[in-house]
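In the two complexes below, subunit A is the common chain; its partner is subunit B in one and subunit C in the other.
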Partner chain A sequence: MFNGLSLDQAPPISVVLRFFITLPLFGLSVSALMIFFPSEILTANHPISLASIHLLFLGMISMGMIGALFQMQSVLGGAPIPSPLGNSIIIHTLLTAGIFALASAFMFQVPTLFIIAAVLLGSAIVYFAQILLPLLLRKMAHNTLQGMRFAIVSLLITAILGIVMATSYANETFGDSHALLRASHYSIGLIGWVAALIIYVAFQVVEMFYVTTPYSDWCKHNVKRLLAASLSLKILWLFAALPFVWVFDGVIIMVLIGFSTTTMKRLRSRKRRVSDVSIWFWILGIGLLMIALLSHLGSMLNIYPLLEPMSLIAFALFSLSIILGMMGKIIPFLVWFHLNSAGYMETPIMSNVIPQKRLKMTFWLFCSMALTALIAPFYPLILIVSGLCGVMLFSVVLFNLTNAAKLYRSILVNGTKFTFEP
Partner chain B sequence: MILLDVRELDHPLPLEMTIDAFKKLSNSDVLRLIHRREPIPLFEILAKNGGFYLSQEISDGVWHITITRDPHLDLELYRV
Partner chain C sequence: MILEFMRDDHRACDHFYTAAENALADKKTDEAKELFNQFYNATNHHFDMEEKQLFITFERRTGMMGGPTQMMRYEHQQLRALLESMLRSLNEGKVDDFFGQGESMMIMLQQHNMKEEQMLYPMIDQTLGMDGELMVQTLREMPQ
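Our next item is the complex of A and B:
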């Protein structure tokens, strides 16, 4: 009767919290850069733009996703990560230090920092992958586990390409293949790592959390295959300088449009239309993904040059929307679950761990940040407003997470255990 | 027997309602939970807090979980 889900050896709550609490700190850093350097951030390949992109995709998006994977591997995989506490401390420390080093390397153009960043980030990601991949290879019946494996392999390749490029930045010599490496780095990172993981998490959680009709088996089996084939062929075509590379981008866009429409359909036709902030984040996230895809399509057709930065901003916001929505769901669950497992009477209901009022506040602040960031390519100074919204948003997120951690700690220290009636 | 049908409820209500009912369960009571999937997290909480359960998949998307605090109760008698 085992269905592949197990919380029997769930990692301690601090394992996941460590990654989640770091996310808003990087969010505050990016917001500060948006306030002080709006034009530079919107200038392609500007050092501050590159620093912001890496703070965003590594410090926020990857930090949240790696934290969630620590939990998901144990829950879905049935094979827990060995020594989760120690391993999470090693990975988190290397990752955090590496992200700071990389952002500083870009901002201050210090060659040695590129090498330090490459070593730290490379170590964090290789170490993470060598722990998770053998566990995911052991038991592969579950589609989400297969999707997770594909995403982690993509993260590993993205990191290797990043290390190669970091050495170019450190030597300040860029070979002929730099542009190709860069295109491969961001294609695999954005699609193979970020989008694929979110899609396969959606396949698992949307129907489970929101009582929707299940995704079709065809989708679950073939999305990863289509993405893997399109990405591999795109890179092959790029390096071989073959024509019609856009065909592979077209296939990826079609897959993601298919995912967006099918997810939106399920969320809108769910059986019980209960108001839940995490659903708002999912719906907004899917909407942002559609904007990212359509603006990317527009830029491929050379309709308007500013559609390309808008596409990247919308894609980042899509990922953040899903991550923030899921964090608002995962953290109360983990606090509730660990306290109930330990038998504490005072365990609050999940909706009291992070009050709905504050979750709604994060949603509306995120909407304000997203709206202003989306129009920033056309009016760069509005990025200052977006940054201010970001400061408020990530301050509230940090407050929510630290309060949840304090509540957990307080009940653990002062709580009383269940008393059983005879 | 106390019956709790949570099939139509969004996460996390099924888990919260079941644990709430379990906390109030006396030794002689039996709780029958009807769920749309097998609630694995529930089992860990029950196992760690003196609960015993029998989980059965009745049909596709219908699970019956019979829960008690009585270690001597033969849950097989409650098999559907």
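Our next item is the complex of A and C:
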């Protein structure tokens, strides 16, 4: 009756670490672009701006989210991703090479690179989706699984639209529908993939890790439906050139404002009062989401044109804040978990894998980067300062992760295991 | 039926731990020890309810002996060991160690709870059907 269900433990630590360690490397690349090309990044549709956006959303945000999904699937999804080591190597390699190809294609305007990027990224995402989706299509799928399913389908559609657009860039011929494709590509990517996954992970993680009142069943049940319906109708309206498209953006904004306020309320009234850097990242992330939503609303109402780039920057920072906060918790836990499960006497406690002091340092560097990046649409040159903060931030993140990996390996090689004499 | 009863028990255990952690953060050591003992007893009782009643009945009905229930038992062992270490740290006044172990324990416990609430308990509810009510009664009456 329950064939196919497995409650296996986590995949090997290298599966998740591979994705997480790549994230700060792309972070350093984006920071370098911010330092050297501040005005170009802030110019809509400039090749360097497009390269940065893809380095950010694919190289950092999607890289972190796909890595986390390898870990979360066995816990939230019930069945672990099969052959996690081999599959993670395939997906990670295709994804990393594809992101480099795409960023280079935008920066150097090389048509062939767009095709290479489309093939590599398309393969990575289709391969990932075909592994994960069947695991999420179980009979007894709960709301989180349904939310994850919606996010993966959105990622797949975003990739397909991206491939179509990449061929236009490669041929340097942009049809009448290019602007519509672009609007659909970023709407589905930002809302259907990034926001939906974070929301459904939050529904589980916030309540359980920080001991808060539960989210209402209505929210868990209907957020994905509202987002799916609004996105589908928005795209239909766009392609059919129908009026009042803004109504669907309005619904999405309302859903996300509802999520932000309920999450903030839960985090602030959490029962677990002990200070934890991951909580700071969550609170900051939700605050940034509110800024993104309000500035997008402002730009929709034509209050001020520069609110639109500010909205996109705040949204990216929101996603990054949640990912960095969770990474600071996941990696020390995995190091402890794998060593402890293997029975090593030297297994360090979590705070000895990445010390709180260094986690706090990442938080304050992130705050500095975020604040300066948010002001940048109004004073473009301040993006240089933001980039410098980014270089420091991602260097510390990289140091934290490589140190954790080194510690794990050193105990694995030199550690002593508990033995039981019969 | 089972899902609701056991989920509420998970939350009750969380409440004890949170209260203990908060008390220790406020340097109320004696209160923290008392609250942690309540958490320790409540969590061990929860594991006992599962291992001595719930899992055995489920295994008998489905014939699944080495499946998810076995994995849950293995995780109980790991969590029990962690609880022992935390109790030792608390009694020896090693507050930093207690918080460090507590962080691992909390993540592991919550992952464990998620697996049970999202997969195992619905499976048990489906298996027990109308007998679920009787099982809840039996679990309620189990001495701590």
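Please note the rule applied: the second predicted complex is superposed on the first by the 408 of 422 C-alpha atoms of A that agree within 3 Å, B and C clash if a C-alpha of one lies under 4 Å from a C-alpha of the other, contacts with A are read in each partner's own complex, and residues count from 1 in each chain.
Heads up, the rule we're going with is that a contact is a pair of C-beta atoms (placed from the backbone, for glycine too) under 8 Å apart; a residue touches a chain by one contact, two chains touch by 3 or more.
Because the structure is predicted, anything quoted here is derived from the model rather than measured.
Trainee: Is A:142 in contact with subunit B, with subunit C, with both, or with neither (first, second, both, neither)?
Mentor: A:142 sits against subunit C, while subunit B stays out of touch.
Trainee: With both complexes superposed on chain A, which partner does A:357 reach: first (subunit B), second (subunit C), both or neither?
Mentor: A:357: touches no partner chain.
Trainee: Identify the partner contact of A:342: answer first if only subunit B is touched, second if only subunit C is, both if each is, neither if none is.
Mentor: The answer is first: A:342 touches subunit B but not subunit C.
Trainee: With the two structures laid over each other on chain A, which partner does A:274 touch: subunit B (first), subunit C (second), both, or neither?
Mentor: It touches subunit B and subunit C both.
Trainee: Could you give the residue numbers on subunit A that contact subunit B in one complex and subunit C in the other?
Mentor: Overlap of subunit B and subunit C footprints on subunit A: residues 1, 5-8, 208-209, 211, 271-272, 274, 329, 332-333, 336-337, 340-341, 349-350.
Trainee: Can you list the subunit A residues touching subunit C in their complex?
Mentor: 1-2, 5-9, 75-76, 78, 140, 142, 144-145, 204, 208-209, 211, 271-275, 329, 332-333, 336-337, 340-341, 349-352
Trainee: State the interface residues of subunit A toward subunit B in the complex, per the touch definition above.
Mentor: So the residues of subunit A in touch with subunit B come to 1, 3, 5-8, 10, 208-211, 271-272, 274, 276, 329, 332-333, 336-337, 340-343, 345, 349-350, 418, 420-422.
Trainee: Give every residue of subunit C touching subunit A within the complex, in rising order.
Mentor: 14-15, 18-19, 21-22, 25, 62, 64, 67-68, 71-72, 78, 96-97, 99-101, 103-104, 106-108, 110-111, 113-115, 118-120, 122-123
Trainee: Looking at the complex, which residues from subunit B come into contact with subunit A?
Mentor: These residues of subunit B touch subunit A: 8-12, 16, 19, 23, 26-27, 36-38, 40-41, 44-45, 48-50, 55-57, 69.
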